[in-house]
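Multiple structures are listed underneath, in structure tokens.
Shared between the two complexes below is subunit A, which has subunit B as its partner in the first and subunit C in the second.
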Partner chain A sequence: MLFNSLEFFVFLPVVFFIYWFVTFKSVQIQNTYIVLASYVFYGWWDWRFLALIVISTIVDYSIATNLNREQGQRKRKLLLWASVVVNIGLLGFFKYYNFFTESFASAFSFFGKTVSSGSLDIILPVGISFYTFQTLSYTIDVYNRKLEPTKSFVGFAAFVCFFPQLVAGPIERATNLLPQILKKRKFNYEQASSGLKLMVWGLFKKVAIADSLAPMVDDIFANAGTYPSSTLLLGAIFFGFQIYGDFSGYSDIAIGTSKLFGIELMSNFKFPYFSRNIAEFWRRWHISLSTWFRDYIYIPLGGSRSKMKTVIRNILLVFIISGFWHGANWTFIVWGGVHSLLFIPLLIRGQNRKYLESFVWKGFHKSVFQQLLGILATFVLVTLSWVFFRAESLAQAVVYFKRMFFNMSFQFYSHPQGYRLIDYFILLALFVLYEYIIRKDERNPYKFKSKSVRFVLYTLTIFGIILFYDSGIDRSFIYFQF
Partner chain B sequence: MRRFFQKLGLQLLIVVFSLLALTGVNKVIFNWSSTFELDKNVNKVVLGDSHSRYSFNDKIISNSHNLSASADSYFYSYLKLKKIKKENPQIDTVFLSFSQHNVHKFIEETWLFDDAHLGSRLRIYFPFLGQDDFAFLFKEKPKKMLSGMFSQALFPVFVLRGLDSFGGYEKLDYTILDKELEKLRNEGRVEYDSFLESPVEKKYLQQIVNFCRDNDLELILVNPPIHNSLHDKQDGMYGFYEKYFSSVPFYDFSKMDMEDGYFVDLVHLSPTGADYFSTLFESGELLKFKY
Partner chain C sequence: MFRFIKKIVVYVALIFLVLELMVRVFHLYNDMPEWYLAEDKTYKRVPGQEGFAVFGNRKQKTSPYRINQAGYNSFREFNPTEEGIEIAILGDSFIEGLHQDYRNSIGKKIERQLENLQVYEYGHSNFDLADQMFLVHENKDVFSKIDFIIFEFKYDDDLVRGEYKIENRKVVFPLLRYSKLLTYFLDIGMIDSIKKVLRNFNIGQTPRTVDEINKKVIFLNNFEKLVQLYGLDKTKTAFLLDSRNTHTDFLKVLGNRNVKIIDYGPSFEKSKDVPTTLIYDRHWNNNGREIIASQVIDFLNSLESNSSFSKESN
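What follows is the complex of A and B.
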């Protein structure tokens, strides 16, 4: 079920109503109900894959319980590896099996041997990368004794499958989400109200920004070999906004929906396009994933406390794995690699922790021009790297870059459905301006003192959603494929 | 909780009432400011899709106005015809594009019920929809119509003043004939591979026939020229015509002998092609193409 579908507009009020009026009596009933509702939500796509979530839940619940009881380090390690093998095994089979067999076959053919790839017709279960990482983090935290395992199986099941963040995150940590799930939730007006507002803003980003740009991006990337460099540059910029609107929009809806059920999820995006360097970008983009990699891969590998050589190796590794997490394609690996190459110079020059303040650009001061330049440069680099992310293959990305840089020409691009391009520029300019105004708090996009200003803004946002919702584009979220 | 529901309800009510009000305002301004009146001397209109749009140059064909619009199915041609006739009683002849693809089943999935297409059409044709037309679309695509109803309220249709927004002759300034010929050789074209009649298009073509009969309009089906590589690939439509609409006059220009330079692609005429065709049409030389 998609957040932006009419089905969800029926599902959510029904679940909300029953949650607060029928199942409010005890935490067990609330959690059982959350599990049921989440299974319906997930089963709407393909009920067969519910089995994978159930397997993941049972395995990690049992392993974590045993990890807590077990004192012997060897046995504990074995248990941890069992969890890693099951979770990564499922993910590996469903997501990467064909990639590895095909890459293996290609490697052989490169040396003149023909090997059948043996690829299988495997459907990728929606959200598998997200919930696998979430359950893994629970087991690792219990192993590291950072967390006491829960005794409540239903509570744990609710943690794994909590529907607002099940299919595309934020990838929650048990230390944040589980205590909230194990406690009875009480309705809080402020929380529910801010949740609704965040949902509206997220939906606007998805529908008005991402979905309205999608047909142009699809057209430009599909015909990259025929378009002039100006159009290809436009395609990359539009994709940058599309993926931001799509994914941060999804995260906002997920966080907002959770608030309606009395649960606070972590922030996943903090206005990443206002970042002044790549390091800051990664503290603002898909935060739940980048902190996951930091905590469970980068730090165990030695983090930044090792020799510079080791740190660089770790950074390279983390970015490449992070790229590979997105999809079984060399394009994502290269995308991760490119970001590591952009990050490493900052690390060497000690500038990777330069901008740590939570919101960008606190007022005008001397360095405004320098900051502006940084924002622009970061945006350009990120935008160019998106070409790898969006391209179907490395060959397509190469064609795209070749034509963009070595075939300089300008031509006005016309929208596939005949709409005026200037309207999209105005829309994006207004969007960037609004994001700049609200940049202090990513969880409250309508933080204005005046009630009437807030009211007008909600109404305009809702109108925007309605106006663009009708555009009739394929509305599934990009990150569902990961 | 009560406060939450009260505020939510109030916000929703305001949105719904605003949309209803905007729909009304839109319609009133549209009806008041938009005119569909043609010149008094125009007594012939051309309706249909891009095929007729780029073929009939109404500057050459006397007393005519081409109102064809790209990707218009018969459903929209029917809506347009009703409106035009109402405001232009002098109209006595309607030329309607009739080609293989117009009555092919695939049109239903693309030009009629495809979400994107329906959404964009609904915005401009909403003021034209009668109760029956609305009910028909709602029955077929309830979800889309529901969202479309809200969405159209926010689209200021009244800015589309006059007829030009609803179709008209245009010159095409591109050429992709070679590319299309290669594609045809490699992949074929879905509407010519096997003919499957469209019940919906048939129904609305029949509505147009009935409307013309009831309003003393002479309806003439026209199949504009297509590239000779497709000449032998439209047999399905002849069977369809003979079976259901043989009483309606039909001029089939599709197999006219025209050189490649007269086409921009396989089914659309270039400006020179359109001028050549329209001049012949005007002179009456094409009467021999009566099917």
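What follows is the complex of A and C.
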């Protein structure tokens, strides 16, 4: 079920009212109801894959319970590996099986031997990368004794399948979400109201920004071999906004929906395009995933407290795995690799933690010009790297770059269906301006004192959604495929 | 909780009102001309209406329309005579042309090129071949004066029925039509999914459907039935169609009956780099209409040179 579908428009109020009017009496009833509603939400797409969620839930619940009981380190390690094997095994089979078999086959053919790839017709279950990582984090935390395992199976099941973040995150940590799930939720007006506002803003980012740019991005990438460099650059920039609008829009709707149910999810995006270097970008982009990799891969590998060589190796590894997490394609691996190469110079120069807590132009402590330059440079680098992320294959990405840099020419691009391009430039300019205004609080896009200003902004947001709504496009979220 | 619900209701109502106002002020909605069921048992537009049809969320296209006394969108009145040369083009919304300036329609384009000839565009949204042939049959006295009849034909849509019957037109929640915001939502497809659900409960206009597996047989049978019921004067009739989307067996049937074809498919194919359809819409744009007009002109010229179509007008 998509957040931007009619089904969800009916599903959400029904679930909301039953939750607060019928199942509010105890936390057990609330959680049982969350599990049921979440299974309906997920099963709406394909009920057969519910079995995977159930398997993942049972395995990690049992392993974590045993991990807590077990004192012997060897057995504990075995249990942890069992969880890793089951979770990564499921993910590996559904997501990476064909990639590996095909890569092996092409490697053999490179040496002149023909080997059948034996690829299977496998459907990728929606959200598998997200809930697998979420359940894994729970087991790892219990293994590291950072968390007491829960005794409530239903509570744990609700943690795994909580519908607002089940299919595309944020990838929650048990330390944040589980305690909230195990406590009875009470309706909070302020929380629910801020949730609704966040949902409206998320919907705007999805419908008005991401979906409206999609036909142009699709067209430019599909015909990269024929367009001039100016159009290819435009395509990369538009894709940058499309993917940001799509994914951060989804995250906002997920966080907003959770708020309606009395649960606070972690922030996933903090205006990443205002980042002043790549390191800051990664603290603001897909935060739940980058912190997951930091906590469960980078730090266990030694983090930044090792020799520089080891730290660089760790960074490379984390970025490449992060790229591979996105999809079984060399394009994602290269994308991750490119980001690691952009990150490493900052690390060597000790600038990776430069903009740790501040937000852009806070108190003018740095020259405006310097920060602006940093933002622009980061945006250009991130935008160019998106070409790898969006391309269907490395060959397509190479063609894209070749034409963009070695076939310099300018030509006015016209929308495949003839829409006015100027509308989109105005839309993006206003969007960036508004994001700048609200940059201090990603969870509160309408934080203005005046009621009338807020009302005008709600109305304009909805008006924007209507003006840029496109009935003829695929409205699913990009991150559903990961 | 009740404060929350109350506030949502108040805000939704207020935002609705402001949006309604904005849609009206910027005239984003479509002024669609009203229709009625005429004496000849076919649907027509109420004569004398003038307005603007608006297309696209952001008013990407506005086009004026004018409904003539015959009940069709046209720059001219339809007064066929024995003496003049009149061509009738019958069809659906593509011929009705509410998405174009009525002063620059296909008919007008043809008339600019061919002197002493009048083109009557009998287009009405959703008209299929049954509607078109029934219209000709019911208005024999008018069409007998018309020199040539062109049926605009789409294979997938036009042969679903083998007999004309009045299809009751249902307006879903007629009161909603008073809201320009909802009309606008309808126009831009924002409530398509709601319409789809309502159709499951038999609410709203149900699209004509056909058994996909036996489609070809059904279509050919329907064509035979229509010809039997309403007749088809092959000496003064042609089918305007796109051969790329028409089944070859149907083209053979037309060939066997010596029915003439105006095939715009190859010309549209050649024009692939320049779009032939509109923004937000699959109707022909100006380029598409130019191509159609030139195809019709070429066809009429060929008829004239073959002497199978002439009248002492020059």
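Quick note on the criterion: the second predicted complex is superposed on the first by the 475 of 482 C-alpha atoms of A that agree within 3 Å, B and C clash if a C-alpha of one lies under 4 Å from a C-alpha of the other, contacts with A are read in each partner's own complex, and residues count from 1 in each chain.
The rule is simple: contacts are C-beta pairs under 8 Å (C-beta built on N, C-alpha and C of every residue); 3 or more make two chains touch, one makes a residue touch a chain.
The structure presented is a predicted model; accordingly, all values stated were derived computationally and were not measured.
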Simultaneous placement of subunit C and subunit B on subunit A, clash or fit: clash
First, second, both or neither for A:6, with subunit B first and subunit C second: both
Between subunit B and subunit C, more extensive residue contact with subunit A: C
Subunit B versus subunit C as contact partner of A:458, first or second or both or neither: both
Contacts of A:423 with subunit B and subunit C, given as first, second, both or neither: second
First, second, both or neither for A:193, with subunit B first and subunit C second: both
Footprint overlap on subunit A, where subunit B in one structure and subunit C in the other make contact: 6, 20, 187, 189, 192-193, 196, 417, 458-459, 462-463, 466-467, 469-472
Interfacial residue positions of subunit A with respect to subunit B in the complex: 6, 20, 187, 189, 192-193, 196, 215, 417, 458-459, 462-463, 466-467, 469-473
Contact footprint of subunit C on subunit A as seen in their complex: 5-6, 20, 187, 189, 192-193, 196, 417-420, 423, 455, 458-459, 462-463, 466-472
Subunit B residues touching subunit A - in the complex, by the definition given at the top: 1, 3-4, 7-8, 11, 14-15, 18-19, 114-120, 122-123, 143-144, 146-148, 150-155
Of all residues in subunit C, those that touch subunit A in their complex: 1, 3-4, 7-8, 11, 14-15, 18-19, 22, 56-58, 60, 184-185, 188-190, 192-194, 197, 275, 278-280, 285
